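Each of the two complexes below includes subunit A, the first together with subunit B, the second together with subunit C.
Moving on to the complex of A and B:
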């Protein structure tokens, strides 16, 4: 049991549907996210990648289907049943770290406080314990010297690294990244991807929505291509990037290559 | 004139005390009630939306003097028998709550959703999200409006004289009717309010600095 609480988790989606009014954002999506591996979600804007990611920690409530973390259902108290109790949902969310495109740090807190807040309020650690763990997390993302800076005094790349520190300090068993580098100046992308590579090497379960095909090609264990709310193709980076079997995937990659005029 | 001041000074000081007391309690309780109403509107059942809106619109849509009369003279009809001072403080509380709740609503609406989602994703409960994230973030934009309304409330306290609360307006009127002097008492009253409000403004600016310190460039 103790082992299970710290071991990387898997996630499983079965026939997940999500509607925004009449618009169906996810159409019967099924996907298994293996523990300790990096799964990258790619696809055009509006294809449902972020929605899928946000269904895993129920920031978006899916309308039907099942989402499980390991074997535990999240979102509903039973398949097709009522939405789960808020308290139970909070407990499950502790196991799931999330990093957002817009960083979403709390502006009135220093970098250190952004990390300690969850440790104190959710994990129930003492201030001293929380600070010591937060400092470890900040050191890990290379920001030990920025702990007393407020977000308004950090660069985009630093903000995202603090956000990653805030998530990993909680010791999640699975990490969700929602376009973590899309809001960054190109020269700052590398520092964030570097931290993510390091996490991947440590065996964290990671689900990454990304437009960084280079990252997907080099770090992902599995690449999932989505379009119009459906999973169109999945495979190893080699299968997806070098020999795209689906014409829509091939055309998406062709468009990407033309825009970036580089090879990967 | 010195003689008049000497004679009415103690009464004016007492009136000043009552004004201060009704303003302070009316503001603090009004803000607290406004906060509770806004939290109920935001996190409570959807059915609460309409009654809350009706309450806010009724209070904002009627003069404070009318509300006070309804409360003080109409209250006994439904068994609410209050002395002048408690009735005045309750009136200010209700009046203030409707405005405060609207200021807080706009403030909470301006908190970026992503900052709330980040807290949810970590597993914060709603009370923690409100007290630790939403309130401090909101204060940056809402504090000037809150202080502004607290200042408006100082001036509404003079209306309590109409239901015989012995606050400073009431004392000034007594002084005027007994001495037939008008200019001096009214000037004293004006100076008193000016000083009072200047103090609140300064305090408000200090609070603003406290809530926005992280936005100010220290380099």
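Moving on to the complex of A and C:
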């Protein structure tokens, strides 16, 4: 199984800047995302977590700096060069799975079709092959019996698990999650986090923007704290949660604990 | 006395004239949908000049009465050296006008689709063509279908305006028969029945399509 094609990828950001008009959402961000590990991004609302995540698969085009998947530059032809050809970008995106807060399942397709669509159109598999792979992916997220449901007939937790199946069926080498449980009722969060833990245990490279500090504390290999478009602190969950060295991080965690009156 | 016999006698002639109504409606509808999709694409383009052109087109063809457009096409085209039969000019004009309305319906429908739909497709590496054909258009069609059906029904009724360029379709034909037979009530009722029948077919087709697209 472990060959160049399916081995987990690393990602590297070097001095990445992103502007929305005059507003700078990312300020010279540098970050290494190690292969086969779970990196959690935490931070206050508007700190640039989603923007950073979306620069990794170039759903947002960064303005300067470098983003690499393994050693391959994504977004631009060469450092500081022209934007990369759309076809090349699409090829690189096949390796990068993404899961969104709002699921973004396609409502006019069944759960199975949501998963086969990319396999057929992007991977070029035959319908039969695509279906058998899609069924494997759905089984993996525990939804083998829901394949013919349309999204309107699935619960939030099920929707997000189909979305994860849609991403993993493409056999990505790195997975991006943008607050995958934030739109869920509390009792449905567990089933999604469970699937993510299983993926992590299989050695998938994962970058997870989350407000679930429990998940970050227990599953992350590394926690990255952002504020105002900058990475303020990084470390193991222990370093970040038990002994926050940065005062801004400490006050962020303090606020979180007060809101949730939890211990972790 | 209401005379059914008048209706029965003149119905074949009215149906004959209905061919023009149908021809203009069907061709105008096809032209309107194709051109409307293109104008909608222009209206959503990142290029400012394309958006401007689309906006100009829509305001012109929506803002000027179809009657005037038909007359303008009929009298203007020969002046600028284009000699086409009245029927061709009529079909083209009706289609151009329908395109303006349909473009707006499509644009509204596409705008109603959450941005995440196309993003999810782009994120797995789907090509723009597939994103349009597989993800956006089916959803836009479903959202816009009731409004599109509305436009098509309006188009069938608006086709009666082509009489101003001398085409004898249902309305014009019923006027002359009514004048000749002194039986306006019967004749116009028959004409109304034919319009109604055509539009019920369109409405029903829309309903079936809608059910197909609904899950």
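Heads up, the rule we're going with is that the second predicted complex is superposed on the first by the 262 of 264 C-alpha atoms of A that agree within 3 Å, B and C clash if a C-alpha of one lies under 4 Å from a C-alpha of the other, contacts with A are read in each partner's own complex, and residues count from 1 in each chain.
Keep in mind that, in the parts below, a residue touches a chain if its C-beta (ideal position, glycine included) is under 8 Å from a C-beta of that chain, and two chains touch if they have at least 3 such contacts.
A quick note: this is a predicted structure, and the numbers were derived from the prediction, not measured.
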Inset, instruction - Overlay done on subunit A, so just call it for subunit B and subunit C: clash or fit. - result: clash
Inset, instruction - Based on the superposed arrangement, let me know which partner A:195 touches: subunit B (first), subunit C (second), both, or neither? - result: neither
Inset, instruction - Examine A:232 and indicate which partner it touches, taking first as subunit B and second as subunit C; both and neither are also allowed. - result: neither
Inset, instruction - Look at A:117 in the shared chain and tell me whether it touches subunit B only, subunit C only, both, or neither; answer first, second, both or neither. - result: both
Inset, instruction - Determine, under the contact definition given at the top, whether A:152 touches first (subunit B), second (subunit C), both, or neither. - result: both
Legend entry - Those residues of subunit A which subunit B touches in one complex and subunit C touches in the other: 57, 59, 86, 90-91, 93-94, 96-98, 100, 102, 104-108, 117-118, 121-122, 150, 152, 163, 166-167, 170
Legend entry - subunit A-facing residues of subunit C, complex: 114, 116-117, 119-128, 130, 134-135, 138-139, 142, 213, 215
Legend entry - For the subunit A and subunit C complex, residues of the former touching the latter: 57, 59, 86, 90-94, 96-98, 100, 102, 104-108, 117-118, 121-122, 150, 152, 163, 166-167, 170
Legend entry - subunit A partner contacts - residues on subunit B that touch it in the complex: 112, 114-115, 117-126, 128, 132-133, 136-137, 211, 214-215, 217-219
Inset, instruction - Sort out for me which residues of subunit A touch subunit B in the complex. - result: 57, 59, 86, 90-91, 93-94, 96-98, 100, 102, 104-108, 117-118, 121-122, 150-153, 163, 166-167, 170
